[in-house]
């Protein structure tokens, strides 16, 4: 099951809630303000590291580019909208809002 | 694949409608069918034809109208949510209908995937 | 599966979520409802919205049974963090762990967050 | 005291408009004047006369229209924010005007207090 | 200066942000979903205690009643809408959203 | 004083906040602008919204000077938590402590959060 998270982790607890319920191995895709979570060297660096031990983590490149985020945490995969669609082909979707 | 989309936030104020649109375009590109877009909560505001954004900005309701026409995707706004927010048949774009949640139930069940943007 | 995650009254998400659940139930969908985070507040006993002028809906949960919406789950940690216990809630409801809710989610074809 | 109010979220979806209204009523009760209510962001949706909520619910735009009439409080919706969201003169309640942010600047400066609800 | 906070502290960091900038002695009024912060025995009990050492804390009674919150942290004062207006008479307002 | 606290692009608050600031500045208001929390992201260099289809506005901050909006402050802790430094930002801006921002707030007649 693919989980999407679209809220900034600084203002909102959506990412942390999502992680608490996602099964190990479930891919998590960060979109919109959700992508701020994976900017390198921010306060969530260690959380991102922990997530990556159990779950593949993706971030939507167009949203990263829009926000000027070029340095991202290592281990995170970027995808474009078609890559988003590919993930949806492979998994049912759980959109955390 | 057949895909249903649920949009739960209004245009411009939230990126939800933009992401839904970009996703829908990419899904078509990869050979899928976008069966329907259902609008709930403030999402119903996406289909007012009265919107008139600055010229250098995207026109969200026209964009959905064109997408609907081109890809034969129906756009539905929930009737109860629409009434609360002043969306009525008179001001709705071509390609969109105001309808009940029964329609959404069908969309959620008949498609291979349901994605929510909000 | 419907997931209620927003507090009632400050925003309409839980309320319109419940409206959606009741309609979908009339179409004989097999519906489960999960309360996570501030969503658990929707179930709190003793809510009275008359003084803020908005429409309350806590009573609606008591009608769920009549619509055959019987698979209700509330997240234990969310209750604990809020200092709430089972008998603070308007309906009898299964209090379960995050792990159990995660398993239930994994079985779903469609999940809608409100 | 003279009070100005800024509302930044839409009706029903957020409590902001309800709290602003209850506060305004209480302010009048305590002998103050509510000079104006200015609507920004999704707040502009508060003045569409097309809204038609369930009968047992409050009617948010009518309530503002009545308040405006009774207490001589002007309701203003920002023109740029309104255009984005499909609020135009044709669908606005009595007592409300679509206007520029210059009006808001005056409201913010001429009153003893400015309260924001959003 | 009166600070108002209208977001639940569980989903959102508005209360914590407000406190970081409020001057000692400034009254803080919780409204709408903000009132969940002062329900007795919740996760924010110790934060509320800490705030009360430097700032008077108010909660809007109609919002508490709407949410069925009858037990609140000791030291917190409840006010109705007219009490809200009284606070506004005494202070300029900083509405944190 | 205008306080920008929301991240850009995901929601419109910062963008319409900036629109308000520019108009109020033409009325010769004495305006200060404070960036707190996710609001600091609005100032990030290298933003390009073309691929998400929304309107960018980072360049607008460079026009602030021309409108005599010169009192700009960014919260130091908010930058630090986000792994950002002064030269990640599109304009020269005073990086100040929470305490300093609190003092500035206390001097204001009107504060608007966006």
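Every chain is named by a letter (A, B, C, D, E and F) in the order it is written, and numbering of its residues begins at 1.
Just so it is clear, a residue touches a chain if its C-beta (ideal position, glycine included) is under 8 Å from a C-beta of that chain, and two chains touch if they have at least 3 such contacts.
As the structure is a prediction and not an experimental result, all values here were calculated from the model.
Asker: Return the chains common to the contact lists of chain B and chain F.
Answerer: Shared contacts of chain B and chain F: A, D.
Asker: Taking touch as defined above, what minimum step count separates chain D and chain F?
Answerer: Minimal hop count between chain D and chain F: 1.
Asker: Measuring between Cα centroids, what's the chain most distant from chain C?
Answerer: Using the mean of the C-alpha atoms as each chain's centre, the farthest one from chain C is F.
Asker: Could you compare the number of C-beta pairs in contact for C-E with that for C-D and name the larger?
Answerer: Looking at contacts between chains, C-E has the larger number.
Asker: Per the centroid of Cα atoms for each chain, what is the distance between chain A and chain E, given in Å?
Answerer: 33
Asker: Roughly how far is chain C from chain F, going centre to centre by Cα mean, in whole Å?
Answerer: 38
Asker: Suppose each chain is reduced to the average of its Cα coordinates; what separation in Å results between chain E and chain F?
Answerer: 26
Asker: Could you list the positions in chain C whose residues touch two or more of the other chains?
Answerer: Residues 5, 9-12, 37, 52, 54, 110, 113 of chain C touch two or more partner chains.
Asker: Would you pick out the residues of chain B that each touch at least 2 other chains?
Answerer: 8, 12-13, 15, 19, 22, 41, 54, 57, 80, 114, 116, 118
Asker: Where in chain E do residues touch two or more other chains at once?
Answerer: 6, 10-11, 13, 32-33, 62, 80, 92-93, 95, 97
Asker: Mapping chain-to-chain touches, which pattern fits: line, ring, star, complete or other?
Answerer: Here the contact pattern is something else, fitting no line, ring, star or complete shape.
Asker: Spell out all pairs of chains that touch, sorted by label.
Answerer: A-B, A-C, A-E, A-F, B-C, B-D, B-F, C-D, C-E, D-E, D-F, E-F
Asker: Under the definition above, what is the set of chain E residues touching chain A in their complex?
Answerer: Spelled out, the residues of chain E in touch with chain A are 10-13.
Asker: With touch defined as at the start, can you tell me which chain A residues reach chain B in the complex?
Answerer: Checking each residue of chain A against chain B gives 4, 6, 31-33, 62, 80-82, 84-86, 88-89, 92-93, 95, 97.
Asker: Which residues of chain F touch chain B in the complex?
Answerer: The touching residues are 9-12, 52-55.
Asker: Enumerate the contact residues on chain A facing chain F in the complex.
Answerer: For this pair, the touching residues of chain A are 6-8, 10-11, 32-33, 36, 39-43, 45, 61-63, 65-70, 80.
Asker: Once bound in the complex, which stretches of chain D touch chain E?
Answerer: 1, 3, 8, 15-16, 19, 22-23, 25-27, 29-30, 32, 113-118
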